[in-house]
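Could you have a look at this structure, given as structure tokens, before my questions?
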Amino acid sequence: MAERVLVINPNSNEQVTAGMSAALEGFRFTGGPAIDCATLREGPPGIETQLLADGVIGPLCHLIREEEEFTSAFVIACFSDPGLHSARETTRRPVLGIAQAGLTAAMNLGQRVGVISILANSLARHARYFRAMGVESVIAGDLPIGMGVSALADEQKVFTRMSEVGERLRDEHGADVLVMGCAGFSSQRAALEESLGLPVVDPTQAAVGMALTILRSRGR
Amino acid sequence: MAERVLVINPNSNEQVTAGMSAALEGFRFTGGPAIDCATLREGPPGIETQLLADGVIGPLCHLIREEEEFTSAFVIACFSDPGLHSARETTRRPVLGIAQAGLTAAMNLGQRVGVISILANSLARHARYFRAMGVESVIAGDLPIGMGVSALADEQKVFTRMSEVGERLRDEHGADVLVMGCAGFSSQRAALEESLGLPVVDPTQAAVGMALTILRSRGR
Amino acid sequence: MAERVLVINPNSNEQVTAGMSAALEGFRFTGGPAIDCATLREGPPGIETQLLADGVIGPLCHLIREEEEFTSAFVIACFSDPGLHSARETTRRPVLGIAQAGLTAAMNLGQRVGVISILANSLARHARYFRAMGVESVIAGDLPIGMGVSALADEQKVFTRMSEVGERLRDEHGADVLVMGCAGFSSQRAALEESLGLPVVDPTQAAVGMALTILRSRGR
Amino acid sequence: MAERVLVINPNSNEQVTAGMSAALEGFRFTGGPAIDCATLREGPPGIETQLLADGVIGPLCHLIREEEEFTSAFVIACFSDPGLHSARETTRRPVLGIAQAGLTAAMNLGQRVGVISILANSLARHARYFRAMGVESVIAGDLPIGMGVSALADEQKVFTRMSEVGERLRDEHGADVLVMGCAGFSSQRAALEESLGLPVVDPTQAAVGMALTILRSRGR
Amino acid sequence: MAERVLVINPNSNEQVTAGMSAALEGFRFTGGPAIDCATLREGPPGIETQLLADGVIGPLCHLIREEEEFTSAFVIACFSDPGLHSARETTRRPVLGIAQAGLTAAMNLGQRVGVISILANSLARHARYFRAMGVESVIAGDLPIGMGVSALADEQKVFTRMSEVGERLRDEHGADVLVMGCAGFSSQRAALEESLGLPVVDPTQAAVGMALTILRSRGR
Amino acid sequence: MAERVLVINPNSNEQVTAGMSAALEGFRFTGGPAIDCATLREGPPGIETQLLADGVIGPLCHLIREEEEFTSAFVIACFSDPGLHSARETTRRPVLGIAQAGLTAAMNLGQRVGVISILANSLARHARYFRAMGVESVIAGDLPIGMGVSALADEQKVFTRMSEVGERLRDEHGADVLVMGCAGFSSQRAALEESLGLPVVDPTQAAVGMALTILRSRGR
């Protein structure tokens, strides 16, 4: 079987899926793994609560079981990493979560990690998860832009808000690296990095990069 | 300039450099960055003390300055990450340390990270560094095989010792993922993973993978 | 509406539900809240993996919505606290998880909390959750008896195993209070406490006690 | 012997004792334990320093020894939990401290616990104790209202100050549950919870609730 | 007033006081502060429980008030640091506790601090205090020799036991520096250090050294 | 050999060396160790980056080797403690770092330690080191005055800036003890302590005090 990384967007927003696929172009090499992006049809328009996050675990694991035969590694492309550990029990292929991959990648680029989130009510959910992963001591802050997934199509407004929040994380919280806390932010990375003068991590890119690392380490 | 990752082995052992280059074969793609490995001529035969680690910082930064023009990202391939922060002040290119990259990669593969080290006197040095990075809460244990860098050429003996130590990390310390705590262990990864039934991370591979992720994220 | 605490056993094992109801007899007072126990029909025979834990969240929240009108406080009676935060988003009534209530109750009885679990594969799941709650620094150890939920009917064998594990937690790990890490252990509490000479917490009792505390604090 | 919980107010302020007894009315059930409140005659008017806290330990333990025969569980009703561990060495009955019980109860109602204290000089004393208990990682903040115990009789003013401090804990420190850090605040709980829209824990209620939980768990 | 450090042994054992005075001989310089040792007459023969530790706070603070006029700095010479914070509220002179001074001194001599204690029941008391001070992350272990204060006169037996426990702390717990966790151990320091090959800290010496540092820093 | 403490200023600024020697006058006793201060000729004018800190390790260890025969204990007098662990591998004499000694001394004088640093870019370097030492949990804050080593000769301006920063550490960060985070601040200690009403630690004094403690503990 040829190598293939399957990136699953667990919300049903096709635009988000298209945006992340575009952002992954640099990871597609001749002779490298295929990098496919899929939308979870059963997912909600956006995953903005614990209830919505928990609600996608069933269909997500179903999809993973169906695709296992054709897939070398899976990426769950939602910053709550919904179902990450259930997915790991479902398949023997590596499964990456973008929050875990994005935050651990950021630890290679700075000491104090700032997170830019969508909505204020994400923060408690994130905080539980950051503790569970054992990364809470490197988090400088987690601040929301106050816009839900469906509003992210207004890219100019998103950029303005992300810049404001990024500046606060940098100047008031001492962040020296930022992670974009939503798979729907992909198109903003480069401009934000340029504007803020800090490395900015797109967690979907980080997770796909980690999937490649795992697959390509197997040569020996 | 074409993309290039320069992996610097800060000890002067050419065999170690050759071993890591072989282990990186899977990361060389058509159209992808060149992945070159260099030996630090001024380095000691093996970096086994803090004094030896600190001693390579000067020549290492000198080499980085010389190569900066031709290099997109640097990897310091010694598990003490000697001079990592000095190197980051020396160049604006990304600089990865294999300990940092290896441990943060391992956090994507398990919850409790076991480290297999060369000598007992590495442990205090590692412990200081693990705390400095903020990863100490995910470390299950760090155990030495009791062999220095120059002894690593006896690959069969190394494998036997690493297997014993890996079993203890897995069974007594509860590790569910292992990191090989020396750049000179590269050739052991696959067999060790197979034999122990746990994911085993070669930190040099992890660091090169992270370098690729950073470079390839820049497309947008 | 008269006060009522609804304790939901999210596995489908009626014996477990009956056992916990018996253990809650002391919490039923004249003039106090009704304390009802329900079995989640859609649940698996035992919740022994993350996949099974995540799988009950949907039906559990459905049941909570149906019972909300008749219920003052809910208890989720599985030591993985499945769906706790989703349930809290589902209803404005207090929702307690037995792991959270049991561990925080134990912090009032000792400094180092030992946990007796069912199966070895529970430990990683528990560890993630203990960190998420911020209680990991008081955990002395978490050891399994190596028996699944369906095997708990053999009460004599369960007692023998729990005693052995409890002794190790006390003597090797320094635990000075124990929490029984499964709702199906209810009938063992008193004998275990007597035999080990340490306080032993039944987490279902602790959660119902906490529910009473919350309801009865509202007088003023 | 009939069950009895003895709540000891270690300051000599009878009004504080009367206030807490009123707040405990909901915990008195037909057939349940008697819940008695006593004032420590030898105590100071208010416990506002470490010196005053340490000074009550002797008479407090003396009272516990005298009452042991007639008492099933003790509650030390001062938010510094003075003499908690000495008391536990004095009697084999359970002894609860209201700070410990209040904070651990709050962990069941929110993730980030805000504490409203009386005087600024309480904060260092609290901080030492929060660390000693292992709960510091869940504390969002601890802010004083700037009024001593003797001033608490002016309930309107106390409410105004507590509301201001509670708002800061909620809005600036991210607290999602509050604990009232003084036994003399009992009468404020309900109005504060209503006004701030967050759960507010009266630690004396929490401790008595925990005493009931312990006593009533003994049925089996 | 000429400078004077008053070291108070809060137990009533004059032999312990004499032993510590002898161990402090090296800190007495021509032109330096007087270093006097006093026995707290009201103290118990040995401080081996929380109740005994709390019981000396009153007379200890009384003595400090009486001696304040003639004293530049106080040392509380019991490894539980009884009444340290009450004493600091009692006088404006610096007050050192030997546990705090001994452990922080040890942090200058090694990374992982082992503590040799008298009795097993000291451990929970110490653990609370180590957390309260914020040093728990550098403690490698705390092991008792199983002998109370009154038994310490048998110096040969004490040495044998301390050696055994010190070896375990070194070899099994990874301690690279040891602190003697009782003021009555003073005479053992040099031989223990010699025999174990690790730095061994007498906490009373450490506290007197810290008192000198504070007093002698005031020149400018 | 007569006892001698050698304090090495690893920058080449003779004024800084002279300032620290003056501040150490109180530690010179008749019959006590000689306390000599040396300037590292090969050092830079000020150590203000990681690169400069790492750059002095070689010559510093060379000097230590040369002076070992005539020296009882060494102090590295730069708040980055450059080469501390390499120096400890170089000589069997005790080697103290002023950051480590200053911070651990401060833990005896307060609970929350504020650090006054020279430049903003020191903060990340300090933060890594505070974590490595295991003291990060007692740090209230670390704030820069925005002046480099060469500017410290303007003592009035330095005092004004240190006062401003000290007030913020005290009032906004809750610091109850301050450490001056540069060896060049020595002359400011007394006035700053007077003006701010908090204990202020000169870390060079603290390190020399610790050296004396170690040497003078050896009597027995």
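Here the chain labels run A, B, C, D, E and F in written order, and each chain numbers its own residues starting at 1.
Definition applied: a residue touches a chain if its C-beta (ideal position, glycine included) is under 8 Å from a C-beta of that chain, and two chains touch if they have at least 3 such contacts.
All figures in this text were calculated on a predicted structure; none of them were measured in a lab.
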Starting at subunit C, how many touch steps does it take at minimum to reach subunit F?
2
Please identify each chain that touches subunit A as well as subunit B.
C, F
From the centre of subunit A, which other chain's Cα mean sits the farthest off?
E
With centres defined by CA atoms only, which chain is the most remote from subunit B?
D
Gap in Å, rounded to a whole number, between the CA centres of subunit D and subunit B
52
Here the gap between subunit B and subunit F, centre to centre from mean Cα coordinates and rounded to Å, is 33
If you average the CA atoms of subunit D and of subunit F, how many Å lie between those two points?
43
Multi-chain contacts only, two chains or more: what residues does subunit D have there?
111, 128, 133-134, 137
Interchain contacts, given as pairs of chains that touch
A-B, A-C, A-D, A-F, B-C, B-E, B-F, C-D, C-E, D-E, D-F, E-F
Show which residues of subunit B lie in contact with subunit C when the two form their complex.
111-112, 137, 174, 176
Please output the residues of subunit A touching subunit B within their complex, sorted ascending.
22-23, 25-27, 29-32, 94, 96, 100-101, 104-105, 107-109, 111, 133-135, 137-138, 186-187, 189-190, 201-202, 205-206, 208-210, 212-220
Residues of subunit C touching subunit A in their complex?
49-51, 54-55, 57-58, 61, 83, 85-86, 88-90, 125, 128-129, 131-134
Tell me, which parts of subunit A touch subunit D in their complex?
123-124, 127-128, 131
